[in-house]
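Some notes on the structure that comes next.
For clarity, chains are labelled A, B, C and D in written order, and residue numbers in each chain start from 1.
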């Protein structure tokens, strides 16, 4: 390929460039938050395609009972890598990437507080990804113990291959990267806000990134230490998680889910943030109950660290422990519900423009509520005993992570693409992408609820031909293919729009947050002049001086 | 129309309680979902911006009362769900109260070892129980974490090494209930199946009697040849056959193999032909299984099959 | 003995409790006076909660039979009572009080967030070290000291977040961190107690069945020592934390409610 | 600017969770050693205690270093930094000595859960001490080249915060491993 990244359009206004274009070097050597942000997005899209192909192979294998399209070993490697990739190398870095790009713009800053640390975070993700995928080249193949790496299966002698070791090392690297970007975001948000941009006025996306960052710096160390112990077990023969040598198989689960459950909120909170930006703009109304959307985020963040054992109801911790955790888990439904209702209330009485971002945001509400409700159901211990480790769970968390996070991610891409590149994305292709996604997604995952309660366990490379299992799995597989097609449309849309998309003004959606005051794409220094901030919607105040959001706010500029 | 399995066919008091709770919860959640979906669709129809309309809508920043209302409603729903949960717990998972286990279920990669404590019967993958009688099982694992799950009979329970769990097993009606390992346990997790065979008290007693008899080892003919091969080849390093020197516990106990309906934890039905195929190359039917391909000649396979069939 | 009987007869009227309560009330009358308003109601409520925790069958059970009951009592005394008492003190009174040396100086030291935090979390930890806990159960005066110390230390712990002097309160974001970290502190302890084997606190293993309650507890309620300890640990863990979390939610809500002065200094206060 | 100090503070918060997990692992297995060495049978609280004092002292000297910088007293800055490094090295020597002794008795990370948790916990702390020593040496080097004019330097302040943290962690680790085993 040419030395120029495909993302750089050959138009006169160079993409966030360091003056003249020196090809790859300006990117590799860059410490500019916008370029690093874009590199995050590119790399995650690459990983998204890889993880998607892994999923597709699995669905093909499951299309019919007793198929032998791929061997059990390969299948296990595929679902391990699919989970790991999608969580650690797609959703997380994408949301962090958007944060890296948008947070400084939204708070009217020149850059992140620590630009070089920012670059380090990004390159550590790349490094971690390479480290993990390298394990495919080892003769025994990639890790095959599941992304949860339950001990003792992930320990010697049950996994003698090198995969799990590469896996733990790679995830340690990405863990360090996440902590670094978490720290970077916190300091940036707390200290780099433009005058007038008080903590009570920062956009909700920034709020969510702030809470997410706190989660990152406090829960990543949990899994980092667990990985360290796992590596010591595997490499130096330590005995943390090997019952045969006096270790404990359950301790790993506590450590893993102690990280793993907050991780779920790390994956969804920034998505909430994107939705909370998109819905108001396209409803032409301010977010309904800013305080409660932001406050409930803090509540979710705090609750999320105390409920991990609901992943362990079948382990036998005792009824008392199970009930307490069940209760704490159900509580999270309350702040989450508040959020959803506030989004609906924001749309209510608005004048809604259903451009592609808004389509995805609207669909997000329904798909996410679907996943959230099944989530409340499985917080109930006995129900969890029925459905845990069955396809019901697969359906549940795909509704949360695809119907939730990925839908929000798509909404965000369509919403901010003009800002990223200076060009609009094609609405026609966007609508195609949207409908294919909705149809493919629900086709793939809705039937899996039934497969689950009918007794189909997760992580099985094949299944007996029980009544309706074959047909339901076939529907699911066809849906997966449609979903794959939708992603192709999306990538095609990005390509076309980069080259021939129609030029975007600085504020094509007539949005209200500061990033839209910068040029599209923003100059290296972001703002020539940061507009005065006297409320939560600075650009609204500029456009409607007659009815500012906070009429009697003190003016500071 | 064929009968749906799992939750749709609860076959024990526990599972009925579970199904009940699940249906209540699903009902509640479906109502909530319906409300949200309706609201969203109403909005889509009612509040779409017409191209002509240049006015911004009324800027509404929120309402404290509404927020309070829709914070309290979820609280109430959660309270209801939690009470339902508490009520169902005991019904689904009766307390052990210091009973001695009637049977011990031990997970292996990738098969189930079943030991009846009272009668001393040892078998694999096919759990015979008297219908309508509660059997207390202690669930253990010898290698990695497994999970014992028979969808139509009740809850899942993990088989964790070094952490025995207890589970009451009961089937309302006689019949065959299929289950599988539900916790990912390695290459052949998919083929670690359970079949619970619930039968009348008498049939169960009869079966137990058959299982404890020590079959005479055939001395002559093809079967006798097979017996010798079983001892000389590596078979006896992993398997047990009562009344012979073979007493290893790595693989299933084969003493009464021909009383079982399947081989390889459910990969093949137990017929001489299938046994023949299996012995010729287990890896073909259960790739990654710990039973290696012994590279037996067809004649040897014939002999061993004859031997295993002869064990009565 | 039946549960009902327990609720009739389980009440104890220990003089020291009444003395302590009357001191609290008397001090309030002297300092604030006697009138019915938001403050006095909260304050009296606090005293009542304390009396319930110390005189009701809860105390009896916690002292002789159930670790879990003991833990509920601790939560009431360390988290609920002091908060109510603190909220019951009007601003003016607090200012008057702090003018009097050395109270002012002492509170400046004790009210310093780091100090208050370590006192609050430390009290939880120290009093639940098995050896000390058993000691307190066997030694009446130590037992009294334990319970009173909970109330006083509790007030110190809540001081930085809910001091009557609103101006002196921690910035809500810092307050959230303050409370969340405290929650973490007692989560870890709760976790250890929950997942440690039964019999961490030997006194509850096989209590001297003075009131003939044991059959009721062990058989009817099926509370074995192991379960009892789990309930205790989890009570400290989940409801305990929820109190901290709700408190931080309240501080956030108040903060949002207040008018925005538009100064972007929150960050530096957090650090 | 305050950013660097804020960064190190949040970083330390994150780090302390990491150590919390290692400590929890140690506590979790404290009671469950069935055979082989335990803290009681194989450690010597007094020798380690004495070496710990050196680390505690180093926390004090690094504070003195910072103070001399604020007083623009560059000679004493260098002296105190040097003293801090020496004290840290002595502590590390003590730990190395202890490890060598244990390994001679064939008490290793793979011996049993005590070995596993003990070596992991003290090892990770030792690692942090070494990192601190490297950073302090860099500071000293810069000081020798007269890089710090004073009165303030983020470098010195940030690294001394980190050093206090490493010190504080050791107090906890020592109490959990040694005090609990021998004095409770």
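One rule holds for everything that comes next: a contact is a pair of C-beta atoms (placed from the backbone, for glycine too) under 8 Å apart; a residue touches a chain by one contact, two chains touch by 3 or more.
On a predicted model such as this, the values are computed, not experimentally measured, just so you know.
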Checklist entry - Which pair, C-D or A-B, has more C-beta contacts? => result A-B
Next on the checklist: How many angstrom lie between the centres of subunit A and subunit B, each centre taken as the mean Cα position?
Outcome noted: 34
Checklist outcome for this item: Between the Cα centroids of subunit B and subunit D the separation in whole angstrom comes to 51
Item to check | Between subunit A and subunit C, centroid-to-centroid distance (C-alpha), Å | outcome: 40
Checklist outcome for this item: subunit D touches at least 2 other chains through residues 2, 6, 28
Checklist outcome for this item: Multi-partner residues in subunit B (2 or more other chains touched) are none
Item to check | Touching two or more other chains - residue numbers and ranges from subunit C | outcome: 267-268, 270-271
Next on the checklist: Is the chain-to-chain touch network here best called a line, a ring, a star, complete, or other?
Outcome noted: other
Checklist entry - What chain pairs are in touch here? => result A-B, A-C, A-D, C-D
Next on the checklist: Considering only the defined contacts, which subunit D positions touch subunit C in the complex?
Outcome noted: 2, 5-6, 9, 20, 24, 27-28, 31, 184
Item to check | subunit B residues within the subunit A interface of the complex | outcome: 2-8, 17-18, 21-22, 25-26, 29, 32-33, 36-37, 39-40, 43-44, 47-50, 53, 55-63, 66-67, 70-71, 73-75, 77-78, 81-82, 84-86, 88-89, 92-93, 109, 143-145, 147, 149, 151-152, 154-158, 160-163, 165, 178-191, 193, 266, 287-288
Checklist entry - Touching subunit B in the complex: which residues of subunit A? => result 71-73, 76, 144-146, 150, 152-153, 158, 243-244, 248-250, 283-286, 288-292, 314-316, 319, 322-323, 326-327, 330-331, 333-334, 337-338, 340-342, 344-345, 347-354, 362, 365-366, 369-370, 373-374, 376-377, 379-383, 385-386, 388-390, 453-455, 457-464, 466-468, 544, 547, 549
Next on the checklist: For a test of understanding, state which residues of subunit A touch subunit D in their complex under the given definition.
Outcome noted: 113-114, 179, 182-183, 186-187, 190-191, 217-222, 224-226, 228-229, 232, 236-240, 245-248, 251, 255
Checklist entry - Residues of subunit D touching subunit A in their complex? => result 1-3, 6-7, 10-11, 13-15, 17-18, 21-22, 25, 28-29, 32-34, 109-110, 112-113, 115-117, 119-120, 124
